[in-house]
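Structure provided below as structure tokens; questions to follow.
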């Protein structure tokens, strides 16, 4: 059937082509390669939408697609075969649309942010964007863990290239290095996990491939192994109890997720990554790199759902990160820094949802967050253009009147981020918290308690989120302009306003795809996303199936509780946060109230000294260790080698003194050796 | 079975070419040598295209381009000229010919004195490298194996850096001792086999050693102990070449002092001789010894990985960084070999090719920068991206290739090794050991990223008095070709992996191994 | 100064001890050997037998002189040896007209340049001490004590 | 009553050692040559004595050759001593010690 | 009394043809000298030509006899003549080949080297007479013959070393060589007398027969055997009777050094091989059982010590020629492995290795010394530094020297590679691990000091004070021929190794 699925690879290939074209021919194009990227991502978007419609059954019967396309390495007998393949199900179809949409908008926005600002090296920039989009899209439709890992890594490479785009300055290359290195550290665990999964199950498929013979997916095999015996399922658990082993594997893979999605404790790279061009930040935060981690957990949710420990860890990391990052966001002075911490925090919510069994909630929040965070970053970019690349919010103020489009779209995004009804963020964040709550209440034992802890942290974070968001809005747009630049900002063009408008509308409306409280209250079935993810051609990747797994293997069950009351609680908290910000910062001449925090401010400004700790790990532990190893190598290992040679030569130089030049001495030595030989071989009768 | 075939032809072209180049005027020697070296490239590509071998050459597989002729009788032992290719040797042959040509091209800029001698020696080395990877008789193989040292000694000693004499002699003596040690080990095995072999034909010896009971008692040493002694001696001998901790210290000196094109060949091909030999000898012929001592062997591999990477982290000289990281990367090969799984062997062999290309590339790109700046110290240069954008681009790509970026050859090699080692039933605590070894990929990223940040990015600054401009085209072309190969093999490892797998699978069958 | 023999005073008795030791070892060995009584010669002229033996006329050797071996080859070779010795001795002993020229081949004809031999002694361990070992340096007797 | 062969051996050993003693202790080249003669003659004592012991003439004949060779050796030796004297103005063998180590 | 050579029945002494050619050549040289007592340059050329051709002829004839199988199992078996005083077999012919080739190279090189010197006739005559003695040593089958032949090779050598009569170095070298030699021959002949005392025989086979496995007078025999062993140690420049070698090789004219260190050493070895393997096999325990006189172990000790002394002393020399002299001592240690590892079941393998090493060594070592002769001829000096940058002025000669040195070090650029590995294999075959280890250590060290010369020639910058003006043809020719032979012996090793193996096996 030559349908849309045959074109799915093109979703990634088009941006890849754009990469090639921009890199080699960008120099000769009027927009320095942007054309290629825009056309390619537009094409990807179109194909993605078509795919989405196909999966949804709008163009025909609802279908899904999962096939191996390409054998990367075939190990022959006794070895697993490593394939590239495509998995299109509701989740990946949705994600494809999100990614290609954001990528497209970022490309357009870049015309304004980069081209119009007269940057050099643009072909490199657009090539990077193209490769970034391509890698992410390929990651999204990967049908197995290895392929996912490979594109996951490529995403990391692209972030390195783009964060370090302004390589002539000192900070961006350093930030790029940090981003890659920290995520690499996470990926190290991920890679062990990948290897382990393949070694354990003999396959890395997320979902079974139907064909002449059905290739089982690894979550299925794990399920079988837990249900029956490992041997029957053909699963090698390396001598561990299957449950333990699967938890280990899951946590290993989670290492990559923590790194890429900037979860505690590997979140430190993300704020630094703000050194990159702002559109890149938008892309990284909204749709690509950071999203990749959470998407991966969702992608292999059937595996995580088997392990209560892994779920609890995910939930706790998520909840803690959400709160932790939000507190740091409160004191930041740069616009983009605030957004960076908000990203960390928001992804913490998604992790919380996943850990708490709220798969749909996580995907929902992923979707809405993609839209409003892209919006916020692009809005920030617009502000930065206007401010001539000044990012400190204390130099702004009063921009509301001078750039209304930016202001209102930014406001839309902020409302969404803060979780104010009816903007998108409200619905999704509310659902995340709701899921955490009901599963925490409904689950027996430790996992239930832990989920409730996660919920509590998430709930507290709501207040902080709303507070820092509106602190940002007020400092930037309200009050009196505090500098000359703010009084006379540079105007932005259509290519900035266009994407902002699209996203601004999206931020306001995209939440409507899954208004659970409304559905509950009205009894109408308008929770479309729930429906979307609950069913599908590939049954093992549906929420129905996940629910069973959660129930059977992880002991995670929802409690009977209506969504309205919890929603109201979080809304109240959010409004409180907004109100606090209003009170403190929506004045003509706001002060730096952060000083009142005293010592806490210092801690917060230093991000709880986690950067310092990690730098110390690198320069205070690893480097001295390396130096010591070098000393050891030069002194001892090589010293032995050189020592042997020196000793030999010294021995030789002593040895030859026997040859004294006096023939009488020779005669004596000859006689003595004769005597010696006689004594040994004649008198004593031999050596032995 | 022909007496002379394409393999001999390749060698002859390189050999005759070497002498032609020796007599050529200095001005044109580089071009002539490059042209000559294209013949082996074309020849080996043709061989790749029509390759019809199957199975492992030492274990009774069908060899391609085989030829043999009687040569020497040592006592009652026959030494015969016997060459041929299987799926392991052909990729290495390709690596040799391609890398030699590229190294020759990359020599055009930096080599500015005694050119005809330089290029002649490189061709001489190519001839003997071809021999190393094709010979199937122990003595023939040994002749080539040792002969490689001679051109290398001159190449380092004449055209090298300030401490070239020290480095050359260290390399020379160190590796020579290793050969002798290994030789004794192998001879003990051959003599221990007694009447069951009457030649130094490697397939015959390998098959005899894999037949239980063939190895007899030798001077009161029972077969098991004899195997262990021989294995130890041979492992030590080959480990120097690889190099494996703690026998590696010749390598950084040799690399740092050697002129860049020579470093390319040294890292790209010469180190592979060690692992190739390990695969062919220790891990083919003495499998039960390897299996019984897997814990010790794998410890050498893992320590090499981590220790080499740590050392690289402490270096300031770009070439030294790459040199130490080669130790690290070659440690993976040991890990793969000792795993005794399809991917272990296959991945190790693939990693030889991959590392050959990538380390060659990285050395070459460091060399191009050195050509312009005349320094390699990290502290002396920064912001090179400003002046040499394409070179730096390749540098970044090469560095990421070295870090094991997916869709580049290095990732394929390393991943397959990890996959093979993880599931190994031979390595004790295989998952844990593999996991520890894999930490190398983090450290390698650490030092390469650090070095790149310092040298390539930031504000342009140079501590030496040279006018830095874009590199000449003939400097960049080899880089691009290599990069293309690295990517091609990363995207489609099966270009060579299928034949490798076909050749290593027989290692896991029959003989002394219980199953597979 | 007369040329009558004088008592030698520079005898190196320490070296002589080696000869004494050798004698001790040999004497111990020989004394412990138990030889039977000698066979002695039987009938026949020993002088004649020596002649027969030198010319390989072994069938002429009387039975009483046992298994005497032939020496013809040795005889012929000794003739050549004496030739050679003569040739060599004459060559050496012949006096030249101008035998005052004394050169030291050990210097390779570069005596004048010998002083500069310590060029790179620092850089190469093998050359350590090259400065100290000039060919003519130790002639005056600084080397007596080594052995 | 023949003398026991051991005693010939002892005698020859003594002569040999005396010759050797001369070589080791004296530095005059001519004394050296004379001492060598002593040692060669020690061998001759053995050869002749054991010729009698075994009742064959082989040893006696060989002793004659030894003497001839001793003469040839001295011829060359004297030649060398001559050139030694011309070059070093001395026949002290310990003086010719420019080459060493 | 009649043997068959290539299908013709001839008298057995014809098999001595190589020796006879050498004698004849020496007599011819005497004759020419008589005709023109104060030779000019033209007769110098004739003298050199006669010597070269004579020794070449000896080499070719011996080679021919070897090829057609004279004295070997496959044709006639060993040809014993003169009532067993001489024997011609594969081994003797093999060594005559070595001696002949070295002599030819030396004679060829001497033409240029001796240009302008007096006493050339004496020189060539002495060389030929010494070569005669060496070729006879290869055939000697009796202690008497052996001793006489040994003296025939030694006495001319003493005179040759002193050839530069007015050169202190030459004379001093000769003096030491002579004094040590005289002492050694005294020891040797005393040893022979003791062997006679223990056995009542002088011919090798008869000695073995008389002694049997359990000789009556083991003590006396033991002293004799040890003394004989040391007598040969002198000839082969092995420890502890090696003291003459560094000085003699250093002080002598370089072609003479080449001659002594290659041919003379080989002759000493062949005699030692034959003597110990045919006269003392049973007392040494080779036939099984406990040895009465454990000379095998004694040789092992000597071999190891010789290797170490030679190589360690060579490692730190300043002068190239003296370094080569010490390395020659070291190589004696390697060759001794042939006897030291002889207890192997497959002794032909072991002994054949030594023989092949001596053959290859004949070319590579002679070549190296001849290169030094060339350097002396150029007057560039003798230390390593004096060779600095020589390759820029004389690349061909330097390339040849590199071949010699690397082949000596056992790298696969010449036959020395295979012969050294063959020796190493022999130690493995015999299970004498200590010998193998010593060989490895010393081989490594030797690579170090050999490559110092290479380093000087190729790596160092010339100091610019020396200009090479002349390129003496015959010396160059000799060096190049030796180099080519060394290289060719790598691929052509197989042509000769069966001869060595068979010849060695023939002794048992």
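Going by the order they are written in, the chains are A, B, C, D and E; count residues from 1 in each one.
One rule holds for everything that comes next: a contact is a pair of C-beta atoms (placed from the backbone, for glycine too) under 8 Å apart; a residue touches a chain by one contact, two chains touch by 3 or more.
Every value quoted in this text rests on a predicted model; they were computed, and no experiment measured them.
Visitor: Where the contacts of chain A and chain E overlap, which chains show up?
Guide: B, C, D
Visitor: Provide the labels of all chains in contact with chain A and in contact with chain D.
Guide: Both-contact set = C, E.
Visitor: Return the chain label for which the distance between chain Cα mean and whole-protein Cα mean is smallest.
Guide: It is chain B that sits nearest the middle.
Visitor: More C-beta contacts across A-B or across B-E?
Guide: Counting C-beta pairs in contact, A-B comes out ahead.
Visitor: From chain A, which chain is the farthest off, judged by mean CA positions?
Guide: The most distant chain relative to chain A turns out to be D.
Visitor: Taking the mean of the CA coordinates per chain, how far is chain B from chain C in Å?
Guide: One centre to the other, that is 56 Å.
Visitor: Between chain C and chain D, what is the separation of their C-alpha centroids in Å?
Guide: 9
Visitor: I'd like to verify one number: the distance from the centre of chain A to the centre of chain C, where each centre is the average of its C-alpha atoms, in whole angstrom.
Guide: Going by mean C-alpha positions, chain A sits 89 Å from chain C.
Visitor: Based only on mean CA positions, could you tell me how far chain C sits from chain E in angstrom?
Guide: About 19 Å, centre to centre.
Visitor: Could you pull out the residues of chain A that touch at least 2 other chains?
Guide: Residues 645, 649, 653, 656-664, 667-669, 671, 674, 678, 682 of chain A each touch two or more of the other chains.
Visitor: Scan chain D for residues touching two or more other chains and write them down.
Guide: Expected reply: 5, 9, 16, 20, 23-25, 27, 53-54, 56, 58, 61-62, 65, 69, 72-73, 76, 79-80, 83, 86-87, 93-94, 96-101.
Visitor: What parts of chain B, by residue number, touch at least two of the other chains?
Guide: Touching at least two other chains: 165, 173.
Visitor: Considering only the defined contacts, which chain E positions touch chain C in the complex?
Guide: Spelled out, the residues of chain E in touch with chain C are 23, 30, 82-86, 118-119, 122, 125-126, 129-130, 132-133, 136, 142, 144-145, 148-149, 151-152, 155-156, 158-160, 162-170, 200-203, 206, 217, 219-220, 222-223, 250-251, 253, 315-316, 318-319, 375-376, 379-386, 448-449, 452, 463, 465.
Visitor: In the complex formed with chain E, which residues of chain C make contact?
Guide: The contact residues of chain C facing chain E are 25-26, 29-30, 32-33, 35, 56, 58, 66-67, 69-74, 77-78, 80-81, 83-85, 87-92, 96, 99, 101-110, 113-114, 117, 119-120, 124, 126-130, 133, 135.
Visitor: For the complex, which residues does chain A have touching chain C?
Guide: For chain A paired with chain C, touching residues are 645-646, 649, 653, 657-658, 660-662, 664-665, 667-669, 671-672, 674-675, 678-679, 682-683.
Visitor: Which residues of chain A touch chain B in their complex?
Guide: So the residues of chain A in touch with chain B come to 71-80, 146, 149-151, 153-154, 157, 161, 164, 167-170, 172-174, 176-177, 180-181, 184-185, 188, 191-192, 195-196, 198-199, 236, 238, 618, 622-623, 625-627, 629-630, 633, 637-638, 641, 645.
Visitor: Which stretch or stretches of chain D touch chain E in the complex?
Guide: Residues of chain D touching chain E: 5, 9, 12, 16, 19-20, 23, 29, 32-33, 36, 39-40, 42-47, 49-50, 53-54, 56, 58-59, 61-62, 65-66, 69, 72-73, 76-77, 79-81, 83-84, 86-88, 93, 96-101.
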